[in-house]
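You will see two complexes here that share subunit A, one where it goes with subunit B and one where it goes with subunit C.
Our next item is the complex of A and B:
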C-alpha cells in the first residue's frame, strides 16, 4: 500500500467520523426538546407557577370561597407580623430546626462512630430506620399515650420516671410540649440520617481505618480524621435535607400538642401549623393572603439556612 | 374546639334509644322511638314537592355516624315521596373549608350544605357563598298546616349571628348544641343545682373534702378552657357584649366594663383554689373528661355531647360502669343581669350558586318533620330545635334549660371564636384566658392585658 493511499484512507476515515459526530449531535439536538419538554412543562406548571403565585397572592386579600383576590399591598405581611401566633410558630420552628438538627446529627455521628465496626450493623441500621416508616400522625398519637400525665394511670414515660423515684413530669403541658416534640423528632429522624451517612461511610476504603487502627487511633479520632472529612459532602446534603424537613414540620405538633382534631394553643405552633390553621383551620374564614405571606417567609428561611449551610460546609472535595 | 359529634356504634345507639324511650318520652302524644325503631318509621308525606328532580348535598357527617345514618334514612324517604334524587357526599367535619370553599370558585357547587352557624358564617357566608333560606320558615313540614316557623324554637334561628347583610337568615337548624355542668347522680347524691357562685364553690369544696377533684377540664382545647370566662362574662354583659368588646379597636372596653373583671375573678378563684384536677393541662383530649367518667372528679363543664362521648368511652372500657347523668347551668354571679344559656345551632344552608335551591329547601322542611327529626335525639343522642320533641333521659335537664323561655340564648363564647377568621381569639383571648385558668395571672392582669393586647392586635388587622 502506498503512502498516498494510506493518507487518503486516513482522510476518508476522518471525514466519515466527523460526519457521524455531526449527525449524532444533530440527532441529540432533535430529541432534546421532546425529552426535556414534558419534564420542564410539569416543573413549571406544578412548581414554578405555584411558587410565583404564592408570592403574588401574598400581596392580596383572598378568602378563597367565591371571592377573587384583592390587591392589598403589604397588609398580609403586616397582619402576619402583628400576630403572636406567628412569632410563637417562628420561634418553635427555629427550635425544631436548630436544636432538633444538632440533636439528630450528634446522634447520627455517634452511631457512625460505632456502627461500622459493630457486628450485625445492617440489622441495627434497619431497626434505627423503623420510626421513619411510621406516619408522623400515628407516632404523635402513640407518644400522646406514652407521655400521658395521670396520677392514677400514668403513661409509660411517667411510669419509668416514678420507677426511679422522681416525681412525675407534665410532659404535655404547652410550656413543655415543644421540647417533647424536639425529642420525638430526634428519635424519629436520626435513623434516616444514620442511613444516609452510613452509606457514605461504607464508601470509605477500609484500609484507611486499618491504618488508623495500627496507629492506635480511638473511635473518636477515627471519626474526626477519617470519617468526617471523607463524608463531608454527604453531611452537607443531609444538612440541607434536614433544613427543608424541619421548616415544614406539622403533623407531630398537631397531634401531640393538641387534641388532633383542632389546632392546639398557639404557644406550641410551628410555621407549618400556622399555614394549615389559617387555610383549613377550625372554624375560620380562609386567609390565603396571609398564608401565602407565611409561605414566602418559609421559603426565605429555607433559602437563608441552606445558603448559610453551604457556605459553612464549603471545603475542597477530597478525592479517594 | 369541641368534638361534639360522638361516633357511636349501632349497639350503643340502640341502648341510647331504649334509654330515651324509658326516660324522656312524656311530652304530648309523641314518644321517642328506639334507635332501631326509628329506622322503621313510615315515611311521612312531603308537603312541598319541588319541580327540580335532583339535588346535591355535601354533608358534614360521615356515612357511619349516627347522624349520617339518620340523614340517609330521611333522604331515602324524601326521594320516595317526592321523586327527587339526592346526590349525597359524606365529607365529614372539614367539609366547608376543604370542600365547599374551594368549590365555590367553580360552578360545580353543592346545593345543600350543613355545619354549625358560626362556621357557616365564617367559611361560606362571609365570602358571599350562601343565599337566604328565610322562605323555608314558611314551608310546611307535612304535619297539617304547621310550618317550619311554627315548629322551631325562635331562639334557634332568630339571632344576629344567623343573618345575611339583607337581614334574612342563612341557616335553618336541625340540631342544637348547648353546654352546662355535668355530674354523675350516683356519685354526687341529692345534688341541688347551685343558685349562687358561693354555692357552686361550696360543692367544689365538698368534692375536695371527699378526696376527689372538683372539676375535670381538657386543657389542650382552647375553646373548652374559655367556657368559664365566657359563661360568666355573658351573664354580666349579655348576648353581643363579648363580641362588642372583642371588636373594640382601642381595647378599652375590657377595663371599662366592670363585668369582665368580675367574671375573671371567678375564674381566678377556680384556678387558685386548685379545683381543677391535677394534670388537666398536661393531657390530650379526651383523657381528662375520661377521668371524670372514671369518677376521679365530680364535675365537668362541656357541651350537650358530654354524655354520649363519655358513655362511648365507658362502653369501650368494658367493666359495665355507667353514669346517671345530671346537669345544671352556671349560677348567676352577684350583680349579673343576663340569665344566658349558650347555644350553637347546626343546620342547613343553600349555596349562592345552587342549581336546585327549591329541591334543597323542600328537603330541609321535610327533615324537620317530627317523625324524621326524631332520629337526632333517638339515634344521635343530640338536642333538636323542636321543643316538642322529647330527648333521651340524660339530656332532660339540659333540654329543659335550653327551652326555658326566660333564658337569653347566646352563641358559644358569643361567636368570638370566628371573629376575623378566628385569629383574634387565637392571638388575644385564648392565650390570656389559658394563663388565667392556670393561675399564672390575676383577674386584674387579665383584663389589663386583654385591653393592651387587643389594641395591639387591631393595629395590624382590619
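Our next item is the complex of A and C:
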C-alpha cells in the first residue's frame, strides 16, 4: 500500500460521491415538471389564456353568445371611451382606489403609532381584522340596514342621527352612496392593513423604540423615523394588495346602491359593475367586445398603479 | 406556526423608571380612537346577531335592545328557519360546504407540489415561472369572465357546480402558489439533505419530509382559500343560474331583492348571519393562523 494508491482510492470515493450528488440533482430535476405541470396547466387554461383572449376579443365586435366576433380594430375602445357609463364607473373606481386607499393607509398608520404600546393589542387587531372575513355581499346588505333611510324604519345610522336631534340623511342616494362605500371600505379594510403592518412592526427590535423614547421622541417622530423606514417594503406590498383589491370592487356597490334585483343607477357604478351589467345584466344586447375592452382597461389600471407604486417606493433595503 | 412553539419568548421589557412613562395628548387621543373603533366593531357584531332574532319592528325601533317578540311567541329561531327553509339557505349551505371544501383541498393539493418544485428544486427558470404565477393575482376576475363564460357554455360547464369548482381551483392557484413558495423557502434544508443521503427518492422526500414540515403553511393556505371561496360571489352569480345549485353568497344575493320587496327583514338578517357566523367561528378558533398566513404572504 503506497500513498499513491491511497490517494487514488480517496479520489475515487470523491468522484463517486460527486457523481451520486449529480445523479440525485438530476433525479430531483426530473420531478420538476410533474410537480409544476398540473398547476401550470390549470393556471394557463383558466387564467392566462382567458386573459389573452380578452385582449384579442377587445378588438372585435361581438353581440353575445349567439353571434361571432368580428374584428373591428379600436372601435370597442372608441365606443367604451365615448360612453358616460364608463366615465362614471372609471371615476368611481379611481375614487375607491385613491381616496379609499389614502384613508385606509392613513388610518392604518395612525393605529400602528399607538397600537404597539397598548395592552391587549393582539385582541384589538383580531377584532379590527374581522370585517375582512365577511363576504362583501353580506357586508353590503348589513350596511344597507345600517344606512337605511325610511321615515318609519330608520336604519342604525339614522336612528342615532335622530337621537341627537338632527334630520335623518339619505345616505344611499346615488349622489352620496359612493362616499358611503368609500367609508365602508376604509372601515373594513383598515383592519387588514393594520394587521399586516403590525406584523412588520413586531419584527422591529424593541431597543430602537426604547432609544427613541430616551431621546424624547413623540409617537409621530417614532413612526416617522423608526417604523416607516423599517416597514417600507411591507407598505409597498400592502399598496399592491390594495390596488388589486380596489379595482374589482363590485358586490358592495351593487348591493348598497341598488335594490339588489337589478343594477343600481349608472352614476354609482364601478368598473367591476360595468363589466357585470353590460355582459350579464338585464338591459339590452350584451356587447362582449366593449366589455372585454373594459376588462383590459382594468388590468392596465392595475399594472399602471403597481408600476407607479414600485417606482415610488424604490429605495435601498435597510438591514436590521 | 410560531404559535405552537412556546420555546423562545422575547425577554420581558424592563419596567421604565417611575415618572418616565409619558402619556402625551397624542397618545391618549390615539388610544381613545383605537378603543372606540374596536368597540364600534363589537357593537356592529352584537347588532347583527341580535337583529337576526328580532322582528322587523324590533330591528328598526330598538336597534340596541335584546330580541323579545319571537322568544315570547316560543319561536326564537323563526328568522333562521325562514332563511334556512323558505329562502333556500339550508340547501345552499350544504352545496357551499361541499364545493368550498373540495375546491380548497384541491387547490392546496395542486399548489403545494408546484410551490415545492418552484422554491426548492433549483431548476433553471424557476424564478420567471414563480413570477408568472404571482402575476395571476393581479388579474381581476372581470377581465377573464367573458372568455371563460363563452368557453364554458360551449362545453356545458355553465350552471354546473363542477364548472365552478374548476374555476375556484384554477383562480385560487396564484395566491396559493405565492403563499406556499414563500413558506417552503423558509424551511431549513438540513432535513432534505439528510433524506437524500439516506437514499430517499425526491418524491419520497417531498411526501415524507417536506409535507409534514410544511403542515402549518398548508393548513393556513387551506383556511385562507376556504374563507375566500366561501365569500366569492361574482363567479357564482355569473356561472350559476339554477336555485338548486346556489352557493350561500349567491343565495343571499338573490334573496336580497326578494326580501326587500316583501319586507322580510328578519329572514334577510338571518341569511346574512348564516353566511357570516360560520366564518366568525372559524376565525375565532383559527385567527392566529389566518393572520399569520396572510402576513407571511405579504411580509416576505
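The criterion applied here is as follows: the second predicted complex is superposed on the first by the 293 of 320 C-alpha atoms of A that agree within 3 Å, B and C clash if a C-alpha of one lies under 4 Å from a C-alpha of the other, contacts with A are read in each partner's own complex, and residues count from 1 in each chain.
As a working rule, a residue touches a chain if its C-beta (ideal position, glycine included) is under 8 Å from a C-beta of that chain, and two chains touch if they have at least 3 such contacts.
None of these values were measured; they are calculated from a predicted model.
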Partner chain in contact with A:259 - subunit B first, subunit C second, else both or neither: both
After lining up the shared chain so the two structures overlap, which partner does A:200 touch, if you call subunit B first and subunit C second: first, second, both or neither? second
Partner chain in contact with A:51 - subunit B first, subunit C second, else both or neither: second
Give one of first, second, both or neither to describe whether A:35 is in contact with subunit B, with subunit C, with both, or with none. second
Applying the touch criterion given at the start, work out whether A:285 contacts subunit B, subunit C, both or neither, answering first, second, both or neither. first
Which touches a greater number of subunit A residues, subunit B or subunit C? C
Doubly contacted residues of subunit A, that is, touched by subunit B and again by subunit C: 65, 148, 150, 152, 259-262, 279-280
Write out the stretch or stretches of subunit A touching subunit B in their complex. 63-67, 75, 78-79, 81-85, 144, 148-152, 170-174, 176, 256-267, 277-287
So in the complex, the part of subunit A that touches subunit C is made up of which residues? 24-25, 27-32, 34-36, 38-40, 42-43, 45-51, 53-54, 57, 65, 110-111, 113-115, 117-118, 124-131, 133-138, 141-142, 145-146, 148, 150, 152-156, 159, 192, 195-196, 199-200, 203, 206, 210, 213, 218-220, 234, 237-238, 240-241, 244, 247-248, 250-251, 255, 259-262, 271-272, 275-276, 279-280, 288, 291-292, 294-296, 298-299, 302-303, 306
Hey, which residues of subunit C end up touching subunit A in the complex? 10, 13, 16, 20, 24, 26-27, 30-31, 33-35, 37-38, 41-42, 44-45, 47-48, 51, 56, 59-60, 63, 110-111, 113-114, 116-118, 121-123, 129, 132-133, 136-151, 153, 166-167, 169-171, 173-174, 177, 196, 201-203, 206, 227, 230-231, 233-234, 237-238, 248-249, 252-253, 256-258, 260-261, 265, 268-269, 271-272, 275-276, 279-280, 282-283, 287, 290-291, 294-295, 298-299
Once bound in the complex, which stretches of subunit B touch subunit A? 1, 3, 93-94, 97-98, 100-102, 104-105, 116, 118-119, 122-124, 126-129, 218, 220-223, 278-279, 281-287, 291, 294, 296, 352-353, 417-418, 420-423, 426-428, 430-431, 434, 453, 456-457, 459-462
